[in-house]
Amino acid sequence: MAEEKPLVKRLKVNEEVNAAMTKYIAEGWRAKKEGEKICWTTGGGAPRELLYAMDIWCYLPEVQSAVTASDQVIVQYHMAAEKEGYSMDGVCPYARGNIGEIISGRPQGYPPGTGGGIPTPDILLAFKTFCGTLIYWWEALKRRLGVPLFVGDTMFYNRPIEDRDVSYYADSMRDCVSFLEKQTGKKLDPERLKEAQGLSGKVRELMNKILELNKNVPAPFDELDFMGTALAACWWRGCRKRPWNAVEFFEKALAEVEERVKNRIGALEDERFRLVFDSNPPWYKFNWLGDYLAQKGAIYVTSSFNRWWTGYNGFDYGWCMMGRDWSFEDIGRCNIPNWINDGIEERIKYMSRLVKDYRVDGAIFMDNRGCRILSYAMLDEAAYLERDLGIPTLLYEGSMADPRHFDEERVKVQLDTFLEMLEKKKKIKRGP
Amino acid sequence: MITAGVDIGSLTAKALIFEDNKILSYGIIPTGADSIKTAQNVMNIALKNTGLSLRDIGYIVSTGYGRVLVPFANKNMTEISCHAKGAHWFFPTVRTVLDLGGQDCKAIRCNEKGRVTNFVMNDKCAAGTGRFMEVMAKTLELSLDDIGKLSLQTVKEPCSISSICAVFAKSEVLALLRRGEHKNDILAGLCEAFASRVFNLLSVVKIEREFVISGGIAKNIGLVRRLEGRAGLSANIPFEPQIVGALGAAVFAKELSER
Amino acid sequence: MCDPIFMISGGVDVGSLTTKAVLLKDRKILSYSLILSSEKSEVISKKAIDEALKMADLSINDVQYIVSTGVGRKEVPFANESITTPLAVPVGAIQVFPTARTIIDMGAENCVVVTCNEKGQVTNFVMNDKCAAGTGLFLETMAEALEVRLEDMGKLSLESKNKVNISSMCTVFAESEVIGYVHMGTNKVDIIRGLHDAVSLRVFGMLNKVRFKKDVVMVGGVAKNIGVVNSLKNAIGLDILIPENPQIVGALGAAIVAYNSAKDAR
Amino acid sequence: MTQAVEILKSMKRLVETKHDRARNFKKQTGRKIIGYTCPYVPIEIISAAGALPVWVLGNTETVVEAGAYIQSYFCRYMRNLVDQGLRGVYDYLDGIVVPRVCDAMQSFYEHWVRYIATPYKWFLQHPFVTNTSYALTYWTTELTAFRESLEKFTGRQISNDDLRSAINVYNTNRSLLRQLHDLQRRNQAPISGTEVLYVLVSGLTMPVEEHNKLLQELLQGLPRRRDVPKGKYRLMLIRGCLAEDAMPSLQEMEKLGGIIVTDETCSGTERFSKDVPTEGDPLSAIALRYLRGVRCAEYSPMERLFEHVLRTAKDYRIQGAIFLLEKYCDPYYMAYPDIRRALEEQRIPSLLIETGEIAMPLGQIRTRIQAFFEMIGG
């Protein structure tokens, strides 16, 4: 029976990341009491380095919603938000979860040990580096919490990035600095920002190294599992404080992965199908998905998601290397590029590269009702992978953070059928 | 003067005869495909044992799904206004009315005169409508009346019903049956899902006591208990919850005729 | 007792509304059964296979290999193997129509569109998304609302002279829309036609997603609805092949798979 | 002098025949036609280039072919447009111009250029932040690039005088529409919301000069109109793009005794409430108008939107606001709860009606609207 097969061999470092996150939230509450500044900022190209350089505590409501989803408590927040009119179909499930959490006030002891959700902000910082929702969401937070908001902006790069784009970002960075200086009453120390950018660049480099190692057969780690580590990157890139110095997590992770590669240890005992995914995973079914695939010898070896800011379309993350002299333009050059903000052509190129470089047998995407910007090119990608690269592709219906859009039985049927398809394909390849 | 209210719902049609603030008589029949005929039939049934004829009725207000198709009505009004009015007639202190109709479910807030001050209706997802419960009763081969009682006699614990769509809830129930779950537990699960959805509607209009439940499903004791539990209030239920709409219409008819 | 040189194999399809069983003697259908899935899968699947066995006058021991499919496939105690519906259906369809390359399976709660190769192996497939339009349940609910028998809908819709547009794809909304039309005294046959057009447009959308190719076969309960089939034909501009017993194709496919596995076993 | 009613009828006809008219226009004038999707496209530049800007409008037809490219959870407006494109409804377009507004519109642009591929295409990188100097700088450069690309495509220089005259004629159009909007402020508005919709939409699909003529006649005729609409309940309509796809719901509202006297929609007041300054360098003037002059649930800061809604609600003495929101329209759904609350604080009740592919049938909409009127009418 499939069920008896060993499941995913997970990365040890993830436990440390989770512990650190719990601590960061608890510490944040304490620091807030002592008058330190808390900032809620957006994922993607928001200059987190700047916040750390100015000793501002930095929290990501997007991540928080992913966490409440994987803790299976997000639906109550969704419903709280829906009562106020935040539509289940119209509004991003992250935003609904986050706003609902504010509306309903957090239930006692949730999330376990975190002192109850992320600390309430003194500063709001939104950079539109991919979806428009971020802006509407942060504007809604501003109206609800009455906290000062700064909005930074980048364009939609369905064309090559030009110098005017870079200087536009750089200008908004400069503006952002004076905003933060006003809010904190402190001046930015350029050396601190240089250091933070360096750390951040180091994280990009390490992360990229690790992701490259999954090109090995068998794949040393499960791409879904690695998201646990990647969390540290999107949260604490540029943070030097222990235990949240992301560089350290990634050095550990790299060591762990290199060790596995050296001894030809795979994340699965018997790796049979190498898969890629686009968009987000269903956070509330996160481990379930990895293990269900593992039972059938299938594993995600790469994804657009984890590569979203290490750059893979020829963009040089070396811009932010340690010790280099930086300008706001440089920071722009390394924060702007991001596949989520690319046009269809670029995304297809991107997927094809992943498929070839990682020797992928099939693609299983979640058709993500929760995020239009992540999913808008999916059907085009799928068509291209199937028709032009002969890579079987499955789209199953779901939402990154709203379990009510996910029907386990139906997903199982589709996964089973699809993996059976791959099986047949393999047989044909091997011949009789 | 004698007035009447006719409520052509999607599942049942009701007519009520009303004189100097008293209910003379009423009739309830299933809504047929031809609603004009249905309206006449139900009106005749209501008139039958009053010795009155249509000519004796001074003013008639129609309401419900088929409100525009009642040939002998002087005016038509929505079930929302009529349910508030009717509930207010039964319980003058009422401030919140929950009407669980066949096709949709409405939470209504009203003032001391029984006038609507705020209302919300269920969106497309049918959990929270009579149709939903009817489909489930059929699926479980039970009569609508049993559902409530049985749902309170759970064997293990309530099954969790995740789907809010009537159609998918149906297949979910079938799956539970295939897995050999006990009917009562499935029913309990259904009523839980139902109650939580309906309660959401109530909290949108901000539930205030006194609160009245009208419509056919008010007879579902399992649901009523669960709603009361969530609201922390005890609900007022008219002796015949299905006629509240028709009654409201008749009361409006009285007021309009006096203008 | 049957001749040992022959191979007896069985397929059981436990659907959400009906359960079907098919018995094969080699690749030929010996007997089949179709009953309502009103009980636990373990029980109902047994009933189905027993009924088929009775008709073929065989006992369960005569059957070398049994494959189960459908939503209850995992709960069939006597099955040697279980496969999903999208895998079983094309195998069965190919058996009936060797030229089949695209199969539409419209069951009670799911609508699956599959493309396959000449061996009946799946090359691509898509399932309807959670909004249930385009499924048997959708039409069943509407039949109830219209107070007509589900099985009559097909031919009734053919009498329709003028088109009624069903705007909503949501079952519940569509139902109240239908009731609305009924209350307005709209001709039932026109409403039914409107429903069929709505359903077939949805399926057409799915066909586009898998980039369907000839021949197109339709199976499952809804395939018996001539109205849906016709408006789908008009939509895709191709003929659609319908097996004589569209509901048992899944079970048939499972039985064929069983036959092959048993043959390999020898 | 023609009756207002006659002009309104003719405008309705103009809308119904928009595609044929466009095709004839090309045949007769040989000019190019450029499609656009949103009020943040500076159409002055397009018409200064000698092309006819045409707003591509959604209709209520079922989406079929587009389903293979855009998922069902994108708004009908965008899915429907791609579907129309695939079916060749807009085959007369020489180009498409789409600004960066919402994610769905980005997706629309990407799919349009990929699968419908009009000869000319331009994605206008409109800043999301409208109140900074560097946003204005960026936007001005963007418009300069847009101007040049249009010159290349049409093979004709766009002089500043071309721009100025385009600005003037569109300012005229805007001020005429404002005059019409002023008439709706009256206690007994001489024109219904459904009629206004045709006035607005017809203007989006024809040469602006001709539309101006019609508007002038209409404005002369209206004050003397005898059969003024009977509607009792003064309503404000809030929606993204207001086009024919909203017509069924609008008709219900006004049939049941309401009258739409003002709106907050992209194709409505948002389009004409602000003029382009006529002095100074025309392109900079356009840039300023199309950056600072916008109030949209997409752009930051959003206060302008809230202020406008509340002010107009007061000016026009509305008794109720109808949020006629397209399902899956995330920007509006994100702002909706706060706008609704702001209106409630002004004692203005509101009703939410969702339109879209899996939306409510009219029967359901009717009940909600009638109940809403019974509530505000007492």
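Brief remarks follow.
Per-chain residue numbering starts at 1, and chain names A, B, C and D are given in the order in which the chains are listed.
By our rule, contacts are C-beta pairs under 8 Å (C-beta built on N, C-alpha and C of every residue); 3 or more make two chains touch, one makes a residue touch a chain.
Model, not experiment: these values are computed from the prediction.
Comparing the centres of all chains, each the average of its CA atoms, the largest separation from subunit C belongs to D. Set side by side, the interfaces A-D and A-B show unequal numbers of C-beta pairs in contact, with more at A-D. The centroid of the Cα atoms in subunit A and the matching centroid in subunit D are 36 Å apart.
Subunit C and subunit D have CA centres that are 46 Å apart. In this assembly, the C-alpha centroid of subunit A lies 41 Å from the C-alpha centroid of subunit C.
In subunit D, 68, 354, 358, 360, 363-364 are the positions where the chain touches two or more neighbouring chains simultaneously.
Annotation for subunit C: residues 71, 129-131, 168, 170, 173, 176, 179-180, 209 touch two or more other chains. In subunit A, the residues that touch at least two other chains are 367, 379, 383, 407, 409.
If each chain is drawn as a node and touching chains are joined, the picture has every node linked to every other.
For subunit C in complex with subunit D, the residues that touch the partner chain are 129, 131, 167-170, 173-174, 176-177, 179-180, 198, 201, 204-205, 208-209, 235. Listing the residues of subunit C that touch subunit A in their complex gives 71, 83-87, 110, 121-127, 129-130, 209, 211. Within the complex formed with subunit A, the residues of subunit D that make contact are 68-71, 73-74, 100-104, 106-107, 109-111, 114, 123, 125, 127-129, 132, 134-135, 138, 141, 297-302, 325, 327-338, 340, 352, 354. On the subunit B side of its complex with subunit D, the touching residues are 65, 77-81, 104, 115-119, 121, 123-124.
Across the complex, subunit B is touched by residues 79, 82-83, 403-404, 407, 409 of subunit A.
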